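Same chain, two partners: chain A is paired with chain B first, then with chain C.
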Partner chain A sequence: MLGKASARGLVGLLLVALPVSLVGWLVIWPIISAVQRTVWRASPDGAGHFDLSSYVFFFSDAYSLNNLSLTLWTTSVCAALLLVVSLPIALYLRFARGRLASYVQALAILPMFVPSVILAYALIRVLGPNGLIDLLLNAAGLPKLRTPYLTPWGPVIGLVWDNIPLTVLILLSGLGAVGNSAIEAARDVGANRRQRLWHIILPQITTSILVALSFAVLGIFSAFTLPYLLGPASPEMMGPYMQRTFRDLNDPVGAVTQAVVTFGFCIVFGLFYVRSVARNQGK
Partner chain B sequence: MVGPLRDKTMKRRAFLISTAGTAAGLMLLPKLSFAAPGQIDWYTGSDANVLDFWTNSVKPAFEAAHPDLKLNLVNASNNAGIQAIGERAVAAMQTNTDPQADFFEQADPQLPQGGIEAGLYVNMKQAGLSNYSKLNPLAIDSDFSLPYRGSQVLLAYDTTRLSAADVPKTWDALVAWIKAHPGQFVYNRPDKGGSGGNFVRRAIHQANGLDPKLFTVGNYTEAFGNEALGKAWELLNDLAPSLYDNGAYSSGNTQSIQLLSQGVVVMTPVWSDQVLQAIAQGVLPDTTGIVQLQDLALCGGFSRCVVLGNGRNREAALKLADFVLTEAMQDAVLNELGGFPGVSWDYVSANLREKFADIIPNSIPTFPSGAWEAAVNDGWYRNVAPAIDRKS
Partner chain C sequence: MATLSIHAVSKIFAGDTAAVDAVSLEIADGELVCLLGPSGSGKSTLLRMVGGFEQPTVGSIAIDGQDVTRLPPEQRPTGMVFQSHALWSHMNVFNNLAFGLKLRRRPKGEIRDRVEAVLDLVGLKGYDRRMTHELSGGQQQRVALARSLILEPKILLLDEPFASLDQHLRERLREEVRDIQLRLKITTLFVTHGQDEALSMADRIVVMRNGRTEQTDRPEVVYRNPLTPFVAGFIGTMNFIEGKVETGRFRHADFAVDLPVADGPVTLAVRPEALDLVPADGVRQATVNRVTDFGTHGLVDLSLSDGTRIKSLVRRPGPFHPGQGVGLKPRAFAAFRDTVKLYGAIDAEPADQH
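So, the complex of A and B:
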């Protein structure tokens, strides 16, 4: 009996060994090596020494701090907008039936299959200067709107659209756990729609909301293509800034420092996610 | 692909293509294991449009002119691919075996290092090419390579909104025009594509006495850099409020062309080959005009081919090198590739010379890469790009 159990345990360990070692090799090790490379630097004579100068530079450089604050701004605006847009869609899909609902679902999932480069060029054609929106406004005799292209709102619009499917799917799976019976019971005792949402549905999907937001935030924080193509030249988001520092300025230490700072912010959201998953499993 | 400043997105695309190309190449290798006599093994690391040009124009013309010779066009995907084949040729030289390569469409004879000394590349100047004397002296970089196509940054404009007679032809006239027509001009971020990059370099030349020789690969120092570039940032910051959307910078060569094609801006810097191709393909309308500044041109660069000294078909490859400098082929470079001729403009046909009169440069200035490039890019992002708060 005991032998069988331990053999099964061994098979289990072997099964997880591959993903765990991949994560260790491709994720954990690069993090350790990045931190190590930025704080333990080689002197010209070859000897290593403790050196925080690249971090001191980052946090005393107004240009870098501007980029960081733009990244934080973009991420929080996107997260808020995502929740505002995705929650109603998820609620609708959870409770609606029929053909229209499946069309809405297909439409909400569509961005998942559109590569971001194509999305960026499409947005330029639609929202960009003299794009589709401008043409429609002009045809209706209305004045032009100021285009979000090449301003910080360009990447916000693109990133929100790009992240709708994942957010909707996660919220939808959370809503799946909300029983019809609880909602019907609440309706029977006279709770109106808002009360049912606030007191019955939302408390049951807080974990899903947290998970959805931390996924979206992690993706948006390190976004590259959309801020690169739609955003302003300055300030930059951290993704394009890192790439530029590494490739154009030939400054790997600076780029790795920016990456470590970015990682430091992301790990906070990562911890949110891990904690909510752990708490969920503990239940 | 001319110059180090081409679009980064193109590089990424090129990477994808090259990965696929390497896989495809591996499958092709067994077929190419012996150099056939009379078959010139030709390699390119350039973009697909260049390979198309050779496949559709040069190869048929050359094989018709030399019925006993054949061209085997091989895509080496990128410069790294060309270098790898160059290194293979060096190894073949040491073992006195067949390198299975005769001609590189674009290569720097300085690479691999020591190649010239070892006799890897043929000295073109002494090779007795009948067309060598036609070369544009501005384009020659080394005796061991043959400039056969070039491209240069020009200004493209919408002739329906700016007549050819009024188009600015000097830097000062351009600045005056931009300021008189706010929002009608855009250039891209200097690290994201050479059209904007070389516009920024033109401002650097302007701020430093129009003397491109002032900047060399080796002479960057922080003090000189700050002084020379600082003056250019002043010029560019002065322009910023009059640019598109009160100081926005597009994120690449194609994005600038897109803004021009959507009628958003009236004028923008462009690569000569990209704009000629965009006009030919209808991306830009026929009413697009192009002009070069006549006081000092915007920077550009040439693609130079080399012939391998130890190739089995060296003599045939030299015939090919001579052939690409003929008037017919140089006309095709202009007409079909949208490039600049490698020969002096006197050696292209008269009607083309007339057609492109506005863009024939008096000079082809260049700007060093290396430390200067990093300083220009970072300096621009820190001093010019943030001049205007884009959040509002």
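So, the complex of A and C:
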């Protein structure tokens, strides 16, 4: 019996060995290596020494801090807008019946299948100078609107649109767990629409909201393509900033330091996600 | 408390499917009426229309004479207990019960007193701080009942509330619910597909089939004097024997019995407890297939020569054994032609035979 149990244990270990090794090799080791590279530097004489100067520079450099605060601003605004946009869509899809709901679902999921570069190009053609909106306003004899292209709102619009599908799907799965009868029971005791949403539905999908926001925030904080193509040159989000520091300024330690700082913020959101999942499993 | 009037109510879903078809029903003050029928008979749809969760296509519903047909559930003086309990899992028992009162902005002291009182009523005193997932199925259903009762509805609606519970718990809870209903004298509409539940709890039973009412009567009348073959077959166990009436006598290939109705094909309906088994005396009318001893009585499963399977309830199963030939002696029976009742009642007690 013991032999059989040990064999089963060994098989289990073998099954998880590959993914665990891959995570160790491709995720854990680069993190350790990046942190190590930024705090343990080589002296001219070849000896290594502890050095936090790249972090001191990052946190004392106004430009770096502006970039970090722009990234935090973009992430917070995107997260808030995503919730405001995606929750009504998810609620509609959860409770609506019929053909229109299917069309709305298809539209809401569509951005998932559009590559970021195509999405950025489409947004430039619609929102950019002499884009579709400009042409329509001009045709209607109306004045031009200030384009969000190459302003902080450019990446916000693109990132929100890009993240709607995943957010809607996660919220929808949370709403699927809220039973019709639980909502009907609330109606039965006299709750109106707003009270049902606030007291019955939202408290039951808190975990889904946290998970959806964690996913969105993690993606947005380290986004590159959309901020690079739609955002301003200065200040810039951390993704383009890292790339420019590495390639244009030829400062790999500076770029890795920015990556470690970005990772530090992301891991906080990651912990939110892990905590939500753990709480959910504990129920 | 209140009366409930359902007048010619129909519910037609997309594709012209009539889930409920012109049902009318008057429920008196303090009465408990069971809607009984198989799946798809329209009983839950009818209950949900009374609760306001479905809108009737035609017809009207009135509570205490006031038309509530177009009122949403939140404005109706009804309280519903759902099959799945439908407790709010993010709230503890107290908050589940207090939610409706909080919405009505009742003072905190009153809310606390009423929650305590209703928990006492359903036998869950001291459970107010428990989360709902810490309760057993029966306790959850009691909380669901308490949640409906705490708002003192005029009409209590129960949608198969015991369906997810085991047999013992179901029997105990239905007695408790009936006791509470009688104590509060609350007008109640109860949906079930379990005939035991309907027979043991209801003041009146409405037997439904295909969205229509087949029969509305007191439980003993529905059982002993069913008006249609469907009701006869749905409530309790019934033997149906196809045959012909010729000159006032029902004739089957195996046996005959006097039946004063017009000549023609007839379905004889006999309850197992009204079908006595007698020694074959050389004429085998039926053959014993199986004998089941339930302790208090026995059930003998028999075959007629044309393959019809029938059952007889006997006080002592000892004398019977598989393969044995027996004679049949129905003491009470009814007769149907098509769906029309031609004759009789089927009231009977098992005879003290063998």
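One rule holds for everything that comes next: the second predicted complex is superposed on the first by the 277 of 283 C-alpha atoms of A that agree within 3 Å, B and C clash if a C-alpha of one lies under 4 Å from a C-alpha of the other, contacts with A are read in each partner's own complex, and residues count from 1 in each chain.
One rule holds in what follows: a contact is a pair of C-beta atoms (placed from the backbone, for glycine too) under 8 Å apart; a residue touches a chain by one contact, two chains touch by 3 or more.
No experiment lies behind these values; they were computed from the predicted model shown.
Superposition of the two structures on chain A shows chain C fitting alongside chain B with no clash. When the two complexes are overlaid on their common chain A, residue A:234 makes contact with chain B while staying clear of chain C.
With both structures placed on the common chain, the touch criterion links A:19 to neither chain B nor chain C.
In the superposed pair of complexes, A:143 makes contact with neither chain B nor chain C. Of the two partner chains placed by the overlay, only chain C lies in contact with A:200; chain B stays clear of it. After overlaying the two complexes on the shared chain, residue contacts for A:129 are found with chain B alone; chain C is out of touch. Judged by the touch definition given at the top, the superposed model places A:152 against chain B, while chain C stays out of reach. In the superposition on chain A, A:117 makes contact with chain B only, while chain C stays out of contact range. Of the two partner chains, chain C is the only one that A:191 touches; chain B does not reach it.
Taking the two complexes aligned on chain A, the least Cα distance separating chain B from chain C is 42 Å. Interface residues of chain A, counted against chain B in their complex, comprise 63, 66, 117, 124, 128-131, 147, 150-152, 228-229, 231-236, 244, 247-251.
In the complex of the two chains, the chain B residues touching chain A come out as 8-9, 189, 191, 244-245, 248-252, 255, 258-259, 262-264, 373-374, 377-378, 381-382, 385-386, 390-391. Residues 179, 181-182, 184-192, 195, 199-200, 203-204, 283 of chain A touch chain C in their complex. Chain C contributes residues 51-53, 72-75, 78-80, 82-84, 86-90, 99-100, 103-104, 133, 144, 147-148, 151 to its touches with chain A in the complex.
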